[in-house]
């Protein structure tokens, strides 16, 4: 199984220019709102036609602007789960799910029933989309696309309308199910947890272009570029200057960091907001903080602070659990040691 | 400002029976998919008509089945942001936002522009909904309802389609903006972080009925009932039996827990998955684990285990950060001490 | 060859001097079969002779015109294709007393498609036809006359069984012209207007009452003088000659 | 070929179309919003009536209402000085009555097809029912409304039976194109009739093109590439 | 009152409505799917033509095509032994041709109003175009399609001018209700005509009610309380 995509599409004020390749591993796409994720999937599915480029699935050319090839969506065998579901309002949940199934009546019924129960929709089969809740609609859409058993599953934020309990249950079962299934899966999501859990590979998209691609775990553990760091949610990022073999200066924070193996093209430093530790005295890679704000979150506090020793004004974020903070917050001055950080190009 | 809601609505296989009251504090509603959150908001906004009950806003009766009062939506001055946005497809983003504004043309233009930039939609004003991405549509819908400046803002998962960076930015600005605004806000969401950040009060809804109501922080810190514990995502819950003044037996796990002040009507015990600690020897409130699975998550591992000393088969979950786990995972046997737990009625 | 219209003693060229005609537009309602005669010749001629008077005309089946006049249409002069409608209006008191003139006569003829080889040469022969086109006797004057002919010949029942009843003359003509029907009965003037039909026989003398085209002035007219002038013109020899050219004969 | 029927027909068809357009939409809105199904079906029946009766018969009934001796006709004449029968107004009246069901029915179908959610959204945004109607329902129902407009215009342009009955067939005054066509066909002047038919066809082509143009323009929002 | 016109009319209107219904929808689908705007407008004009000409004239043209002297008519007669003119078939032919534009236009408007996204969704689910059409577009366009059906049926029921021209007015064979109504009205037998009018009205009420019923049933999915 392999899918190669290299397409361009231009709108008046947005242009998409994307190259992707997957070989049977599930691919996650992360990107800001409006960065072109859905558009990419739509082009692959044949819902939109790229201006130029090529799409090849298992050696079969689906689209090629140069040779005027544009296979119709029906023959691509690519299932696209629309972000807004696109359920048929005139069909019940059951009918929606069954509509792409090419089975005998009895088997079809059985399969639809299986899917309904897999997606916790046991009693919803006879309801029309207008009678379903948002999350129920989303599940019907997901069930429908899975029932179709396409060669490629394109999922556009498939779990965004579900509560966390249901989401994590479905993640598990979804993964089990996908294991039985031999196609490509591309999943667009805004949830890092989801991408981390479901997809082995990860593509980052920014403003219509792919700005990062790699193994999901590696990217999350060691982002290598500014975009990657941003995308995995690294809150503290500053441009930096290489001072020597093992020292860099983070300009925004007026902070010098020491480490081994600084790449020659390192331009930014990123500090995950969890990677601080409260210590008792100054030292290397340690900041004396000036508190700006303390925001309470569910499982901890978000400490907003500045470097007290310099007059740079850029703030930093530190996530800490409540227990530890409550124990140590009265320390003055407060020293934070940076346990680990990213060097970014 | 006050809003009182006490309504019933019956469908063939679902019935809603909700009582709510707010007095100017922002209210969050958490509930599983299909539990009746949207339906409640729709009834308040006048989009759906309850079968019976009463809705009173600032002393003004909006709906009263007994006295046959049913104020039309236009006169309720309640803004409802539809879960599926319900943008007018024939109007541009600008027009959609401006449609509820009753200002002179010039001011209107100015206000719309402000809102567009507040929601990071600067260049999207002239686009039609079909030309916007999912997240952009959601922001237009949010901007539209905020432009209308109703007495009550009902938001149905207003941020679900946004990436986390944008979401947290908007949260902040949204809160700032709401501070200037003197109405009620009711927000439905599946995100605990969101509810925690935005709403002071929290209502839990299960299967059409309110099963919990209180200060958001209190509920998150000390859930008092089974539903509350479930809703805040407590993963380990077991029915329990009171053995003595200070001891209970968690039946699912075959575990005896000791603590002070056990309420007489305590029926369940809940252990947040973060509230374990790896210790070196057995002791009170300590389990000897039998590992079932270790799932890697972004910021840690999810340890799935059983009580090794009993043959109860129910599993428990433990969230631990990677560093700690990697240090201690080789311990055998592994003892987990329960630092804190909830006693639930 | 300008003969002064009947009932007018003074020569036509002096008329404006002696009695200036008021500027007026009058409305003529005439049976559809008169359209060509009026539109092509009579009205232009009249308007040339009486430049002060303009004639508008509306043509339709006489039955419709009757209904319209009864409902107050602004008609000044009415010319129907049968006495029945004129009488009906008159009985309602809508025609100026004594103004009815039984001006023209038409003839009832039997027509066949141009290329017909059918052996039909008299009204009795019509039963050899498979389908017969006649106007609806209830509403179309030509149909009434046809019925009368066949009744007198004692074959109406047989004819009716094969008949398609046209709601107007155009239908009857088209049916025969296009060979939908094998034979039909219309006025001689209608037959003359369509080159795809040929006349096989005229209604036998005495088998039908005279097909009279009466002319009358509608009582409500506000332009009596002009209307009268027009009626007088139609009664003139000059006008009658034109009618005859189109297949009518003076009564 | 005489130009007057063309002008008269154009005038009649345009005026009557404008009237029918708004009347039809208004009626559609009223009926679509009715609570009781029974009442709705009843009104629906009445409003569709002009379509199931032969136009001549409709014309006859119109005559029975607007004739100068009849109450309505007399009222119009005595108090407003308007005489309907045999006037140009009558051609418009006939065209409106005959083409009305087409507009009404199409508009109703189109309005019923509009997503109810959007209407509700408009309400919760404080939009008045009128504003919702003009700014939301109408634009969204445009394809259906436009096809109603096309049908109504075409029917008004082709209207013949009722017109002849109520307005007569007076050259330069009430003789519309169809009457002219009919008159020529009836008089056996096929060549002349072809001329008029060509004009009718030409006019309807123009109007159809315009309609198509406006519909396409009006629903540009469904065209995904509009801002390209 | 004679029952035969009623039966004939019922038969004619039903048969022609079924034909028009499918023909109209099919044409609408074809035209709506056309790539070129120009071709579309042209075809549109042709298909709308029967509406802008007086029915009698349309009937005349039909006669010029199907008359026994004319190529088509002769072909049908000589090779298939079918004589169209003056037969019941002709009443259906006339009704179909006259009512066709109504169905076609309404269906087109309704189909164009269907959300393009859903059609795309159908495609990505591997549904054939035919299946998408029948299972998605048709049901969603139902209100508009139904109103087209109502219009077409009503028009077929009321068709008069073209029918008389092509099918003649033969008692018990081709005399339809409108012809009967017309004959009575023209003859001034108002009472008799009222009888027929009542029947026409009654039939259209029944049909309208049925249509309304099916439309309501067919779009029950928009009725939020359907499962109550």
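Labels A, B, C, D and E are assigned to the chains in the order they are written; within every chain, residues are numbered from 1.
Quick note on the criterion: a contact is a pair of C-beta atoms (placed from the backbone, for glycine too) under 8 Å apart; a residue touches a chain by one contact, two chains touch by 3 or more.
Small disclaimer: the values here were computed from a predicted structure and weren't measured.
Asks: Which chain lies the greatest distance away from chain A when centres are computed from Cα atoms alone?
Replies: Here the answer is chain C, farthest from chain A.
Asks: Would the interface of chain D with chain E count as same or different, where same needs over half of all numbers used to appear in both copies?
Replies: Counting shared over all numbers used gives more than one half: same.
Asks: Centre to centre, by mean C-alpha position, how many angstrom separate chain B and chain E?
Replies: 56
Asks: Distance between chain A and chain B based on Cα centroids, please, to the nearest Å.
Replies: Going by mean C-alpha positions, chain A sits 22 Å from chain B.
Asks: List the centre-to-centre spacing of chain C and chain E in whole Å, with centres computed as mean CA coordinates.
Replies: 38
Asks: Could you grab the centroid distance between chain D and chain E? Build each centroid from C-alpha atoms only and quote it in angstrom.
Replies: Taking the average C-alpha coordinate of chain D and of chain E, the gap between them is 19 Å.
Asks: Where does chain C touch two or more other chains at once, residue-wise?
Replies: Residues 64, 67, 170.
Asks: Among the residues of chain D, pick out those that touch two or more other chains and give their numbers.
Replies: 56, 60, 140, 182, 185, 219, 222, 224, 227
Asks: In chain B, what residues contact two or more other chains?
Replies: Where chain B meets two or more other chains at a single residue, that happens at 11, 13, 84, 131.
Asks: Within their complex, state which residues of chain B touch chain D.
Replies: It comes out as residues 45-47, 72-74, 76-80, 82, 84, 86-91, 99-100, 102, 126-131, 144-145, 148, 150.
Asks: Quick check on the complex: what are the chain C residues that touch chain E?
Replies: 61, 63-64, 67, 88, 113, 131, 133, 136, 138-140, 160, 163-167, 170-171, 174-175, 178-181
Asks: Flag every residue of chain E that touches chain C in the complex, lowest number first.
Replies: 56, 60, 63-64, 67-70, 85-86, 164-166, 168-171, 174-175, 179, 182-184, 186-189
Asks: What does chain B use to touch chain A in their complex?
Replies: 11, 13, 30-35, 37-39, 83-84, 123-124, 131-136, 139, 156-157, 160-167, 190-193, 196-197, 217, 220, 230, 233, 274, 296-299
Asks: Which stretch or stretches of chain E touch chain A in the complex?
Replies: Chain E reaches chain A through residues 117-118, 120-129, 135-136, 139-140, 219-222, 224, 226-227.
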